[in-house]
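Look at the two complexes coming up: subunit A is in both, with subunit B in one and subunit C in the other.
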Partner chain A sequence: MKSKGIVVKRILFWVVTLLVLAGILFPLLWIYLTAFKSSNDIFAGTLQRQLIFTPTLENFKRLFVQFPFFRSMGNSLIISISSTVLVMVIALPAAYSFARWNTGGGHILFNTIASRMFPGAVAAIPFFLIYRALHLLDTHIGLILLFMYFNVSFATFLLYGFFRDVPVELEQAAMIDGYGRFAIFRKIVLPLVLPGIATTSVFCLIWSWNEFLYSFLFTRNAAKTITVLISSFWGSIEVQYGTMAAGAAISILPTLIAAWFMQRYIIRGLTFGAVKG
Partner chain B sequence: MANAKNNVAIVNEISLIRKPSIWETLSNEKYFKWMLVLPLIIVLLVFMIYPLVFCMYKSFFQSGLSGNSTFIGLQNYRTMLRDVNFWIPLGRTFQVTVICIVAELLIGLGLGTLWNREFRGQNIVRGLILLPLLVAPLILSIVWNFLLEYNIGFVNQIFSAIGLGRVRWWAPGGAIYTICAITIWQWFPFSASVLLAGLKSLPKDVFEAAKVDGAKGWYTFRRLTLPMLSPLIVIITLLRTMWLIRLFDPLYGTTRGAVNTELLDWMVYRTSFIYFDIGYGSTLAIMSLFLTIIIGAIMFRQLIKALNASN
Partner chain C sequence: MVEVRLENVTKLYGRKLAIDDISFTCKEGEFFSILGPTGAGKSTILKMIAGIEPITSGKIYFDDLVVNNLLPHERNVSMAFESYNLYSHFNVYENIAFPLRAPKWQLNLSKEEEKKKVTEIADFLGIGKLLDRKPQNLSGGQKQRVSLARALVRKPQVYLLDEPIAHLDAKLKFTTQTLLREFAVNYGSTIIYVTHDYREALALSDNMMVLRKGKIDQLGTPEEIYHAPKIDFVGMLVGEPPMNMVDGSLISREGKTFFKAGDSFEFELLKDTEINARKHAVIKENNSIVRLGVRCEYIKVSDQKMSDNSFQLPVYAVVHEAESSVITFELENSFLHSRVSRGKGYEDCRITEKVWLEFVQENISFFEKTVELSKA
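And then the complex of A and B:
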């Protein structure tokens, strides 16, 4: 009698688990299915034709030929990588200083998070106008600077957690051995926080890659990012789901790969280091 | 003896004569630690104070994207107080924030409890649910918009196939809940994973003691599990509030603020960049900033406490 209850429980457990997984994965899978469908199949009214179809590459062909897809990818890459490098240049020393000397008694560090709560729309108007005056609209450098600002406080806070994990005694021992401050940082601290630096960089890269509001407002052609290009397929006169799906399929691939390989660090990153996961 | 004394005197003299170089002064710990933080402080100040001052200034003017602006004092603020197009999105933003957080926490608690055991493929399950978290919200919302389309959308086709009938997901009354659902769909893995990590780290002996004492499952959950998870629940609530009050991308991907779905950031965007009313847009921006600060001030202490406790 009892074993029957356990079997029922186990079946229920797997039913719920598989349903949740299906719910999570289906929309992602859908992007890849739609990307390989002809537009006839996309707009087909029956379930069979939506699921069973002859795969075609026409969406990708249209995306590559008719739209500045590769240039947008390039723009997104340039902007994400440059802003991430800038973020790290600013955040690394600051986080080290906060972790090692508790600079500012913690107040400054915690106030940096407050800047993440700054509503996006507040900065949009002033920056739009000053960028227009400085001719920074539709340029890489404009977005690079903004994304640097968006990510720098997060990066500092996350790195702070990683630096805190490095025992101070290690540095003191090295200091007694006669190492200089920079040598200690480079030879002892840096190797130990390398996973932290990698995690933080990937997060900054992805958030810059995904950012939409500012990319959308501040770029037209020359610096148009991939998210903006994809958004333009929906809402134009003719809705191009196939092309949209093809673009989405390629552009979300790096984020999916990152999500899979950074499993251990995603929760730590998203909670600003509060939950080690 | 005398020699040694002499030497000391000479050393003293040298250090008196030779001022420390700038480099030596700067690498003194007292200044050095501030030097490392300085770039961060400058960046944050410039990028926060400039927009703030600018918006405050502009909010006293009637002005468009270009051309002259006229000083009108507090007129913009007066307009705003009587503007339903301000208060309704504000209330709606609040509503969306509460709905999403409560739903995410409940689903997260449920799944966390469900998966808090050893089972085959547990690492794969935990890894797979994290997949949507890093995908651009804009792209996901466009995909959902298509999946929930009335005629050809996959969800409605399934619904009609199993006899539930088609649902108007984007009808004026319900569209905002559909947007909530999309957001919850993307973010419940976050709360589920955080709470699962929390549940896994709870001390086992306490629960065994409770079991020995004859405590029932629900009682243990309410009296033991929940209180021990509460720091994590606080962290989830605060971080999600920070993201949710600025919800913008899912609106662009779906309704574009139509059919009663306008939220705070969208309202500022529409006023400034569709109607080009920079003066009034700045007023709304300032107002939304102040509300954020109020919410932030209330929650911030808790967040710092929670982060400090676990860091």
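And then the complex of A and C:
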């Protein structure tokens, strides 16, 4: 009886694992296969022709030549990296202050995170009007400011957990050893929350890189990001699946690589901050 | 080095009174211990002197300077924490060198000078071989010695040591204790030392105080604390086994005064002892109630009656140790322990055997009752 139970358990384990894996891998597989197919192969009816085809680079060629792909990618890079750096500049001291001195007695911290509790679309129209008045539409700085608005709260909250895990006694020891507040932050606290900073930065980067709604509404040409460009292949006349897949194949690479390298940190980082209140 | 003086210092945590109007002086170059049970407020006092815990009222002086409003790094103290508080991203060397590198002290040591100082103190404490390790890879005892080394590497105005050897094993504890004493004598340092172990306090201190629930029970030299406790709690905190406490009453008969311990025993008090006893006695329902304290080494045990002041009790337990035996007798609400040195008394008694006891009267203390007795 016992061994039967174990077998059932094992089968169930693999069934669920494979289902989850298929759910994650299928879209990726589709993107990477489609990116290398000619338009004829994309719509082939049989499974055999779906999987076995002559690879071609024509989608990539079209993407690079006919569309401002590299410019959009550059825009995405500039916007996501700048916004992440600025977010950290604000969120680090803010989170430290919340964690160490309970600044605002918890209310400010809650208000910070509350800005993430309504759907992004709610704020879109007022922001649009403000941006039009300030001439910030279709500018890098405009999107950077927007992404900061959304990510500062999230980053502060995540970093808050990391700072809380640094024992205050360590800082007291350093004070007695002869160091002032700023030196302690730099020499003791910062190195200890480095995994947290890495985790938070990666999250902000990925979020900014993938952001679509605001990029779509607030940019036209000059600051058009990669997600917006890819969506434009879904035209009113035809849907350019091949080009779309090629664009996606490239644009998801940075996030995939970041997640791969940081997975150890991210998992540790998330549980690290979360478990101890 | 400075003299540290606390004047009417009080500390409230919210509404909880942690330190209650404390005043004491640790003279320049003195080894001063604060002894007390867990939760007495010992560490709080150290933290207040260090400046990492603000005081609610009162004044702390370093010589003639009030330091109340000075930040920790402006007070020039060093501290070893009970919880080590090592910097986990530094190795042992960097941990110990950290205070030396603080710009505040303007030591401006060259690499060689710094290395010399760090290795000197590390070797002194027997952790010279661990300098490259990270704190995560050290045992509790090793971490504790690193923390101690970090505190001792610099020459501050005063050293604050919070249970710095509590987590060492017995043998290391003894050697480190010897080293600390050597350090204190060599450098004439002002050291304030917190411990819950009376042995450390007695062995190391020039002066000490016993703290209970944020109040000072007794201030004095180790000899005074051990031999002349002013309060029953002090007697019971110091000594192994602790000072025997017997609740009883004073009875006058035919011009003599007897101490009667319930139904267990009674014996006559000599004149001086009686005067002392009367001072502490409390009249309750026509009885003079008093608590008698006597250290185990001042209870003589014999199989024969020794004098008119001897009395008989049945033996409850006998424990033979290397150099002495502890014979235990059961009383109404406590035990009575007697220590008999090897070959110097009746140590081979059997359990339940009725033997003769006698207290050495010069060494009897009397107290008012401040703690409940229990057999636990």
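Following the convention adopted for this analysis, the second predicted complex is superposed on the first by the 247 of 277 C-alpha atoms of A that agree within 3 Å, B and C clash if a C-alpha of one lies under 4 Å from a C-alpha of the other, contacts with A are read in each partner's own complex, and residues count from 1 in each chain.
In this section, a contact is a pair of C-beta atoms (placed from the backbone, for glycine too) under 8 Å apart; a residue touches a chain by one contact, two chains touch by 3 or more.
Being a predicted model, the structure only gives us computed values, none of them experimental.
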| item | value |
| --- | --- |
| Clash or fit, subunit B versus subunit C on superposed subunit A | fit |
| Which superposed partner A:216 touches (first subunit B, second subunit C, both, neither) | first |
| Touched partner set for A:172, first subunit B, second subunit C, both or neither | second |
| Which of subunit B and subunit C A:248 touches, first, second, both or neither | first |
| First, second, both or neither for A:192, with subunit B first and subunit C second | second |
| If touched residues of subunit A are counted for subunit B and for subunit C, the larger one | B |
| Touched partner set for A:103, first subunit B, second subunit C, both or neither | first |
| Partner chain(s) touched by A:39 [first = subunit B, second = subunit C, both, neither] | neither |
| Touched partner set for A:56, first subunit B, second subunit C, both or neither | neither |
| Where the C-alpha centre of subunit A sits as vertex, the angle toward subunit B and subunit C in the overlay (nearest 10 degrees) | 80 |
| Distance in angstrom between the closest Cα atoms of subunit C and subunit B, superposition on A | 8 |
| Residues of subunit A that lie at the interface with subunit B and also at the interface with subunit C | none |
| Of all residues in subunit A, those that touch subunit C in their complex | 167, 169-170, 172-180, 183, 188, 191-192 |
| Complex interface listing, subunit B residues touching subunit A | 27, 29, 32-34, 36-37, 39-41, 43-44, 47-48, 50-52, 54-55, 58, 65, 111, 114-115, 119, 125-140, 142-147, 151-152, 154, 157-158, 161, 185, 189-190, 193-194, 197-198, 232, 235, 239, 242, 245-246, 248-249, 252-253, 256, 264-265, 268-269, 272-273, 278, 281-282, 284-286, 288-289, 292-293, 296, 300, 303-304, 306-307, 310-311 |
| Residue numbers on subunit C that touch subunit A, as the complex places them | 47, 50-52, 71-73, 76-79, 81, 83, 85, 87-89, 98-99, 102-105, 150 |
| Residue numbers on subunit A that touch subunit B, as the complex places them | 13, 16-17, 20-21, 23-25, 27-28, 30-31, 34, 42-47, 50, 89-91, 93-94, 96-98, 100-101, 103-104, 108, 110, 112-130, 146, 148-149, 152-153, 156, 160-161, 164, 181, 206, 209-210, 212-213, 216-217, 227, 230-231, 233-235, 241, 244-245, 248, 251-252, 255-256, 258-260, 263, 266-267, 270-277 |
